[in-house]
Amino acid sequence: MNSAFFSDLLSTISERGRTLLRLKTWPQDAAGRAGSLIDLCRALLSGRGEASGLAMAAEVFARYRTLDDAGRAAFFAALADEFGPDHDRLIAAMEKWRADPCDAVAASVHYASEPRRLELFRRLNRAPGGTAALVEMRADLVDELRINRGLTLVDRDFTHLFASWFNRGFLVLRRIDWSTPANILERIIRYEAVHEIRDWNDLRRRIDPPDRRCYAFFHPALVDEPLIFVEVALVEAIPGAIAPLLAGERVQVSPERARTAVFYSISNCQRGLAGVTFGNFLIKQVVEELRRELPRVETFVTLSPVPGFRAWLARAEDAPVEADALAQLAALDDSAWTSDPEAAERLRRIVEPLAAHYFLKARTPDGRVVDPVARFHLGNGARLERIDWMGDLSGKGLKESAGVMVNYLYDLDDIEKNHEAFANQGEVVASGAVKRLLKGERAIFGIAAPSFSQG
Amino acid sequence: MNSAFFSDLLSTISERGRTLLRLKTWPQDAAGRAGSLIDLCRALLSGRGEASGLAMAAEVFARYRTLDDAGRAAFFAALADEFGPDHDRLIAAMEKWRADPCDAVAASVHYASEPRRLELFRRLNRAPGGTAALVEMRADLVDELRINRGLTLVDRDFTHLFASWFNRGFLVLRRIDWSTPANILERIIRYEAVHEIRDWNDLRRRIDPPDRRCYAFFHPALVDEPLIFVEVALVEAIPGAIAPLLAGERVQVSPERARTAVFYSISNCQRGLAGVTFGNFLIKQVVEELRRELPRVETFVTLSPVPGFRAWLARAEDAPVEADALAQLAALDDSAWTSDPEAAERLRRIVEPLAAHYFLKARTPDGRVVDPVARFHLGNGARLERIDWMGDLSGKGLKESAGVMVNYLYDLDDIEKNHEAFANQGEVVASGAVKRLLKGERAIFGIAAPSFSQG
Amino acid sequence: MNSAFFSDLLSTISERGRTLLRLKTWPQDAAGRAGSLIDLCRALLSGRGEASGLAMAAEVFARYRTLDDAGRAAFFAALADEFGPDHDRLIAAMEKWRADPCDAVAASVHYASEPRRLELFRRLNRAPGGTAALVEMRADLVDELRINRGLTLVDRDFTHLFASWFNRGFLVLRRIDWSTPANILERIIRYEAVHEIRDWNDLRRRIDPPDRRCYAFFHPALVDEPLIFVEVALVEAIPGAIAPLLAGERVQVSPERARTAVFYSISNCQRGLAGVTFGNFLIKQVVEELRRELPRVETFVTLSPVPGFRAWLARAEDAPVEADALAQLAALDDSAWTSDPEAAERLRRIVEPLAAHYFLKARTPDGRVVDPVARFHLGNGARLERIDWMGDLSGKGLKESAGVMVNYLYDLDDIEKNHEAFANQGEVVASGAVKRLLKGERAIFGIAAPSFSQG
Amino acid sequence: MNSAFFSDLLSTISERGRTLLRLKTWPQDAAGRAGSLIDLCRALLSGRGEASGLAMAAEVFARYRTLDDAGRAAFFAALADEFGPDHDRLIAAMEKWRADPCDAVAASVHYASEPRRLELFRRLNRAPGGTAALVEMRADLVDELRINRGLTLVDRDFTHLFASWFNRGFLVLRRIDWSTPANILERIIRYEAVHEIRDWNDLRRRIDPPDRRCYAFFHPALVDEPLIFVEVALVEAIPGAIAPLLAGERVQVSPERARTAVFYSISNCQRGLAGVTFGNFLIKQVVEELRRELPRVETFVTLSPVPGFRAWLARAEDAPVEADALAQLAALDDSAWTSDPEAAERLRRIVEPLAAHYFLKARTPDGRVVDPVARFHLGNGARLERIDWMGDLSGKGLKESAGVMVNYLYDLDDIEKNHEAFANQGEVVASGAVKRLLKGERAIFGIAAPSFSQG
């Protein structure tokens, strides 16, 4: 990493201005502070902001950081109420449109309808560390949004701006390994969201051995802050369970012998960038990277959780489960079955077809595939390759997915076709093996699959 | 410079996709190629673009580069005509506004009125080297604009997007010196627009000695491409002429003894980024940098050309020149006066007050200060500090400005105040010395200054 | 850190050669392997070594790593016995000297008497990673030396060569902080020899806060391997105890307010470089660094252990302790006194003068200052500034030094003078406060100090 | 390049000390300055040098730089006369040897006979920039050596030390291209010794196109200073002439189509490192590099000058030229033949066999191959592959070698064998084609080759 490249010269900016601004009195109460901050934001949008904008922007962030919950709530409310578009200008533009509905006037409407907070955010971004500060501010907004739905407009503007600024063309892919700076590794530990990294030794096991890889996207303006990262295991064949991959004691695979790369964990890092998608690009670029470095690796596959499976099972109306089978599924509530091969086998014969149904047939009321992880990978153009019975026997795995995991296969030659089938026809592209499980379902339950699909 | 940081991993992307796409036939004629390219752009905006967008974006650029003039003209015309906003969606949003003119609906109007080419540009940017390719495309558009004014909308969208992407918060200030990579230095030679750099030796004289500095802004996505750079000389006192600064043989000043930093050349590098302003930020950050490194340097000043002066003089109606003086000004047409001290002194007494008038009183028909360089620095909050008689006796200097140069002073404490005076009241903030020259003008011409000002 | 700079291109060297060499059979027994290795070393010194020396050198290291204890013992013995100087050549050179005892002939004697293993080591160093491999080999030799004193000559040659190769002019000072790569930080944890670093959190407390610093020397050929490092605390006044510096919960000092830099731990990292001194240079350069960065820090001082104090106290013949005091010193055997203020005060009055005596008067049989840490800092030109009663109440501190620590003061203006006084007259330069403690000793024990000085 | 890694922290060292030392008076005359400098060197070797050695070493260099020719002559003479070994210590060690001629005593003799200037050089090296300053000092010594042969001992010590410090294991191979910092490229222009680089455009033609490469060795302590570099052209087949390779207008070869890498220029850069060999290692590592990057390149060959050929031809006693042929060779004195195909063909039939003889048979009085470039490549284990008639028709090429060039082939599989044949039996390993030319010689001149071999 070369953090210094981006940070050294920037740090000295605008200290002068900040000192000057700070001489003014700073209110003690939340409302006063929010109001004062809003005044400063208005000044930043004025001509003064053009002359000494960096200093003012830095001061906005400095003051923002002193706000408490009430202050932030007031500040965000003001952002929503007072930094919308200039209505007069917008009305004038729309008048013109009525007279002359051409693209040129549409453009006037477009720029006239831009909320003023977008320009405010752009000016704030000029401050040293401005991008990071805006991403933090958005993270606060995401929290506040739960309380005040009126902030949705502000949130949409943030998302729109960040989607443009964090365009994939500006991201940098970096490999994360044991020679990565500790401050970045610390964040990898903190941000891992799928299979917790317990400590530095656990981290090292995931990034240091030659059959393990980790890659992250960075943005030049967010120094040392990964945006998203993926953990990869190089193995011989597609794995069916997570535990052996994460085991402290395991036999390493020489990278030359590996034929399969397993993406077993992918985590977004920045709450302030929620809604801006990186995962699609990350997986595909890592596939390209690995193909280049290890030409013998030909299979690129995930080992993924199935977070919605048991919740779906529990909703009787959705799952095509007969009473008898339902009774047997009760065994899932106690993990005892995992150490009883016969019980496990009984469950397997019920759960596997149900899982196939869950992916291939079940839909949400608005017609979408139920599983969010499935939606992500299928939307990326991956294929549902295999259902892994007893793939995750951790507490979380049992509770969320009856221990089931799945593999999504990324075949670059088919990605576009798969994506279109999924996006346009809602078709879940799946391997024959998975489809056969569905036939098993019919055999077992004696029911016609279509009856479970939604309109 | 750390170009490698941004370039190494990116280069391999999407080669696969490009090969696939190229198998399709590529028309031979301009119209056919432009049409085929536009088809590909439409596909990139569709669902397919989501699945394999990087490959398609890279292919768009690859095909674009094969276009000839006619092909580019057709392509840009299609960008203007076919990638505007979705009129139906826009009309619907405006209908809603009539019923409910609130910010939420205004936001719908805003997003509905966005030209589709903006999203196209954002998707194109995802390709490896996409940002550079878009900047090149815009440079072509700037050329085409002279022929086809209908492309103004496309140009405005480019400018809007680039202003957001090249936000000052994403720029990196780098010092340019003799240890800078040659490929960057080569561009400095090429892009210098004020005082030509003749060869590598001339370049070295400007960046290598301890009393010379050069700084440039870079953007992480434009590897090795300076956006704008400024050349600085460290001297003891404010200089009144450019030749001694650029002389091959000159006495160097120890940086410890320097008290004044002279910004004697500032050049924009990217034609494709015309309209996005960097100069203001560059000058101010370099002032901060130098203050930090050399605390004894207290005066920050430009040595600037006056490109509009003689043209203004020649427009009789503008310049307050009496017949007698006018006759004497004719001497300016022949550079002989520069080697005749008496003639020079005669001219000085006429030209200096006129120059003061040019800056302080003369205005364009729409009320702006005449000199474009003056508008830039005064708009930044600088003060017109001194008029330098015989400051530039080069052919260009004599021809454009009668050999006159000026110094603009950047005093960070006054920048905001100066800017506001200029922006709001149109007041040109000038030193007493410059103002006194104006009084001299009155004495000489026996005329009241106000009579020359414009309404 | 820029490890890659040194490692990328080197790694591919000589793979070709190694493969060829490996085809030969490699004995299974220790003696056979050592013999075969020695044969390869001889070949490396021959003409063949000139043609394909890198491959052969790499092969020597590859084979060396397969040796077991017995194999290494045999290999080192052969290095000692068979790679000494060429006796015939040496005798001839000495004959010449008898006839003509001039410098030119002395040079012949010098080069003729060079052990052949020095050239062997130089050729081995050419292999990729050769320097690191030689340092490891030397570490093995240091172990073997305890068993076979006959290896002293080999060890001396290693030391001589390493002292030249690791000349201070080739070392690079790097700051170690929380953005340092994890593989280097891991070594800092492992190599800390004075105050153990318990885990990554403990490490972070020592390198990340703004009032903590850590610096290390690196050598370009030992990628990612610190040679020596020092931990520094920035504080207001000279500290008298280690525990507050290392406490998990403590009030940080703003670097601007710090007036004192405390070197509280300095650790050598490479056993294979034992005997090559770095500490002297490291401390002085860090002093220069801190002076430059923090001009207000004016006092540079250590907080050092006194490892030999209690052992010296226990040798009755050395310590000037009267019977009564001796009885009281017995209380040191039980740490109970540390929580009994009165007992502690009684001990203080006895121990402090004894400590002053220990430093100022006591000498080893061969006339040296007893304490090894004192010898190091006094030899560097530091001054014994203060004796810190109850400075280290850890188990180790109580056991080794009765809880006493000391501060050595580095005043760059006096270093040369202090060093000369110590080196030439054996004078321990100490502050008045320490000297006064010695007077206290006289008062208490009623004895003339000189009588305790060494014979 | 990452020069900063090695330079930033080092620069501040020892400024303090230097100021102190400079207060002393500095003589005005050469003898006085040399004497004063020698005094300082003695002090550096004393105990004071241990305490504040860096400052003193820096001061030695600062003073050395003020010396004029006479001062340097006196300084070097003193280095030779007064910094030899300690004779008393040496005599004592030799006495011991007489009593006990074992390796341990030989080691004493070795270390006792070490000239004190070696330790002086090691201490000087500790100064910031010390290594570079020592290399410069050696360059001065090389000049002085022509006048004062008594300095040979000093020169030998420098060479011995530098050979150890610039061990190949400490060198870093870097590619030189158009993104290399200008200060390094400037040195490439200056140091090119085989085919002059005329200006920056010429340089760019040699390093920027994809079918051109340039590699250099660097040493971490000589920041930005290449030690040796080689220029490489990627081509399809072995070239027979230099001009097409260097032509401004030429057809580039795609690296994928290249099958042959031609080393057409190799230049040592540091006069102060004369006698320390790098070329052997550089060529072999570049071969490894290129094999790795471009697996289809299978032939590695030089295109080399034959600097001694015409001088040898002119020495009648050496060349096996009959009177008739000799008369024809006179045509070489005028370059007219190069544009007369018939004359050229006549010359070819005489010169080619003579060239074969020159390489294969001719020897210097002490039995070595005559051509120095041949000795270098054959000593490296290369094979004389081809004689290139009219390979270099430049003025220099015609004058030195009758326009002849040659190719030496580096086949890594044969390098060791070739080297041994050359080193042990003096055999010039050559291709059949070259050997056949020799047969041609016999046919033409009717003489038995052995008769021309050296006495």
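We call the chains A, B, C and D, going by the order they appear; numbering starts again at 1 in every chain.
Assume contacts are C-beta pairs under 8 Å (C-beta built on N, C-alpha and C of every residue); 3 or more make two chains touch, one makes a residue touch a chain.
Please read these numbers as outputs of a predicted model, since none were measured by experiment.
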Can you name the chains that touch chain A as well as chain D?
-> B, C
Chain C and chain D have mean C-alpha positions lying a whole-number Å distance apart equal to 39
Distance between chain centroids, defined by C-alpha means - chain B, chain C (Å) | 58
Quick one: chain B and chain D, Cα centre-to-centre, how many Å?
-> 50
Taking each residue of chain B in turn, which ones touch at least two of the other chains?
-> none
Indicate which of the five shapes (line, ring, star, complete, other) describes how the chains touch one another.
-> ring
Full set of chain pairs in contact is A-B, A-C, B-D, C-D
In the complex, chain C residues that touch chain D | 2, 5-6, 9-10, 12-17, 47-48, 50-52, 54, 80-81, 84-85, 87, 90-91, 94, 97, 101, 103-104, 106-107, 109-111, 113-115, 122, 125-127, 130-131, 152-153, 156-157, 160-161, 163-165, 167-170, 172-174, 220-221, 280-281, 284-285, 288-289, 292, 379-381, 412, 415-416, 418-420, 423-424
Along chain D, where are the residues that touch chain B in the complex?
-> 3, 178-186, 199-200, 204, 224
